[in-house]
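Just below sit the structures, each encoded as structure tokens.
Both complexes shown next keep chain A, but they swap its partner, so chain B is in the first and chain C is in the second.
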Partner chain A sequence: MSGTARAAADPRVDAAFREWLLRAADDELIIGHRHSEWTGFGPDIESDVALSSIAQEEIGHARAFYAQLAAGGGDADRLAFARAPAEYRHATLMERENDGWEWSIVRLVLYERYEAERLRLLSASGQEPAAGLARTLLREERYHALFADAWLTRLARGREEGHRKVQAALEAAWPEALGLFEETDADATLVAARIVDAPAAQRRRWDAAVRQVLEPCGLVIPSASPKEGGRRGRHTPEFDRLHDQMTEVWRSDPEARW
Partner chain B sequence: MNGTALEAAVWGVLGSVEDPELPIGIIDLGLVREVRVVDGRVSVRLVPTWTGCPALDVIRTRVREALLALPDVREATVEYTYEEPWTLDRMSARGREQLAVYGLAVPRRRFSEPPVCPYCGSHDVAVDSLFGPTLCRATYLCRSCRNPFERFKPPADPEPSTPPSR
Partner chain C sequence: MGRGVSAEEPPEGAREPAGGGAVRGGDASGAAGRGGSWEGRLDAPPDVWAVFLQARTRDPHIHVGDVHAPDAEMALLVAKENYTRRDPCVNLWVVRAGEIHATTEDAAEMFAPATDKSYRFGGSYRKQQQIYHSGWRLSHRDEDQ
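Then we have the complex of A and B:
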């Protein structure tokens, strides 16, 4: 069975939908990789385990998306590890190096709201089996947002220093968070086929959702323009380094059976 | 062995496969969604509790090997399906009992229910971390008997979707 059965009637729509799923898979893989870098370095044992667990879940979600993309003749491992950096479709926010705990927490808050929005759209897209997977993942992601919100509140509503650091992290992350909504031809195709909403509407809902978390903490929503490129494969040198490290074991023996 | 007998044997084998992270069989945990047996070819579809669970591959291998060990099974395929999410309703009463004996608190329907200490039955408990030793467990502290304990953590119920604000 094709991973994108219903869209397959129109090859252009099918290709656009696959592009959309690939973004989801790549976002999850790359942010999962970054979260995993906190293993052993979290501010306390619970947070260390939590971010390691969130990493494990995101990489598991990436794997499930890659498996659907590879259904009917692909290889999920090759999708995850055998592509050149410019073939990855995650937003550049995902690839940024962890720059302090507050930065990782701010990114988590912004991304989890985006992901919930994306999974709700996918759940309602009518595109099985991806829609079923999205319904399952929505239930799992709830805990990530709870963890992120609790830490954000703790940092931003504590001392002045914490508040200042969180605000600075928010300023740094915001332009690339808007880059999550970068539009390509794939979006126009999917909107025309009534499979998903226009990115502008997605962004409005995301904006309202993140404000509900940020504003009660006294944080100021930055007014910056989006920094885009990731959805078209234009990444930063930080991704080149991550890619090199992430694919090292796979490259050492691409034919190995695990 | 005729088809019905083989199907019964297949279910028997499935009943013997345990989750590697919890003392519970995969049928009692509610992982088995569908079993098909046609001419010695068996296909099993499982519903994962957590999509990122590292035990999924172990379970798949255990199920497949156990099925292939049956003399009349010629082929066995085991796959995970996401048609419907796993919920606590899928866990059997016996499964709950086994987890309780192991010392794990298990919510009745959903995680958001008030937790109960599995040692003294008190509701006066505090969550220590939503992320415990495995993806499906959270850690708590009982303020009554002072014991730390773990509670089974099912995936959460979906949040009611908020209409777009304009």
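Then we have the complex of A and C:
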């Protein structure tokens, strides 16, 4: 498979890089799907439209990554919809059901910091065309983070009830947010090839970035250990339900041309 | 906006939600019209922000609609997604709708010329005409759909 990586000379590195891109695509697709479930149910029409728009953009980013993965003979739609749940590589944080607006906002804050970090790594990776795509996508992610931060700040600095709910959402999300950095053999291969740096270093930068948002709101960073599995395809029953619904139309006629 | 509170600033409680953009009959200085006031503050709840969109640099900012938001930052954030998704934009303004002063509907006749003043319209200035028309199209785009 050509096109995804200049390092394609080494098939192990190429496979690891494809795995890494697949995580990015799957993270974007699944969080995009969850955000889209707020359409028609947001706290006000303005934020309903805004989060729906963010959902569209995340799914657009997923599509762009799938297209690069499929370059040279694959099919982006099949990547998105024809895999079994265990073949998806998103972190389990993405698949969790929306449990109140504050939960979705906390997840958005944690994820957007991670996504910005990942896109910066990718844009500096020297791996064209993925690096070029990452530079373009960063433009949209900036707004996503602004929107997430604005909502988080207002919820957490408002009344006591809002603060308590945001703190509870943070406690629930944190272990699986750490699961974003779950390491597999692919990471070791990419680090050795000097394409990305170690997940531990990525996590330190992410940690500093999220603290800058959370701590001024008086939120306490939980001290929990990571909940992993997603990067190895081990997902929760919540993902099975999502997958079933998300792929329903595609499965009704896999040969249809859209 | 850094604008001073004017003398006729209504007390917070006096701002009631009312039909879109009605002008509160001002107790403002002028009192020009016979009977009613000719100007006043837009009667809008404090969480309504008017959104002004600039499509290209050097274009005028055009009023494209309103959003509900607790503060200016949030108003800009939601305005971005609600008003720039389908049209080009390089810059947004938001202003509390209740801070806008407007002429009342009763005062419309003061804009109607009593004698022919078409020589003033400047219609021959093609560029100016373009600006007026592009502005009008943008502010009426919902009706076009």
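In this text, the second predicted complex is superposed on the first by the 256 of 258 C-alpha atoms of A that agree within 3 Å, B and C clash if a C-alpha of one lies under 4 Å from a C-alpha of the other, contacts with A are read in each partner's own complex, and residues count from 1 in each chain.
In this section, a contact is a pair of C-beta atoms (placed from the backbone, for glycine too) under 8 Å apart; a residue touches a chain by one contact, two chains touch by 3 or more.
This one's a predicted model, so the numbers in the text were calculated from it and none came from an experiment.
Colleague: With both structures lined up on chain A, is it a clash or a fit for chain B and chain C?
Modeller: Aligned through their shared chain, the two binders clash on chain A.
Colleague: In the superposed arrangement, does A:64 touch chain B (first), chain C (second), both or neither?
Modeller: first
Colleague: Applying the touch criterion given at the start, work out whether A:140 contacts chain B, chain C, both or neither, answering first, second, both or neither.
Modeller: first
Colleague: Based on the superposed arrangement, let me know which partner A:31 touches: chain B (first), chain C (second), both, or neither?
Modeller: neither
Colleague: For A:154, select first, second, both or neither according to whether it touches chain B, chain C, the two together, or no partner.
Modeller: second
Colleague: Once the structures are superposed on A, label A:49 by its partner contacts, choosing first (chain B), second (chain C), both or neither.
Modeller: After superposition on chain A, A:49 lies in contact with both partners, chain B and chain C.
Colleague: One more residue to check, A:209. First (chain B), second (chain C), both or neither?
Modeller: So A:209 only meets chain B here.
Colleague: With both complexes overlaid on chain A, does A:22 touch chain B (first), chain C (second), both or neither?
Modeller: In the superposed model, A:22 contacts neither chain B nor chain C.
Colleague: Which chain makes contact with more of the residues of chain A, chain B or else chain C?
Modeller: Comparing touch counts on chain A for chain B and chain C gives B.
Colleague: Shared contact residues on chain A, chain B side and chain C side combined as an intersection?
Modeller: Comparing the two interfaces on chain A, one with chain B and one with chain C, the shared residues are 46, 49-50, 53-54, 143, 146-147.
Colleague: Under the definition above, what is the set of chain B residues touching chain A in their complex?
Modeller: 50-54, 81-86, 128-133, 135, 139, 153, 155-159, 161-162, 164-166
Colleague: For chain A, which residues are in contact with chain B within the complex?
Modeller: By the definition above, chain A touches chain B via 46, 49-50, 52-54, 56-61, 63-64, 116, 120, 128-129, 132-133, 135-140, 142-143, 146-147, 201, 204-205, 208-209.
Colleague: For the complex, which residues does chain A have touching chain C?
Modeller: Contact set of chain A toward chain C: 44-47, 49-50, 53-54, 143, 146-147, 150, 154.
Colleague: Which part of chain C faces chain A closely enough to touch in the complex?
Modeller: 67-70, 73-74, 77-82, 85
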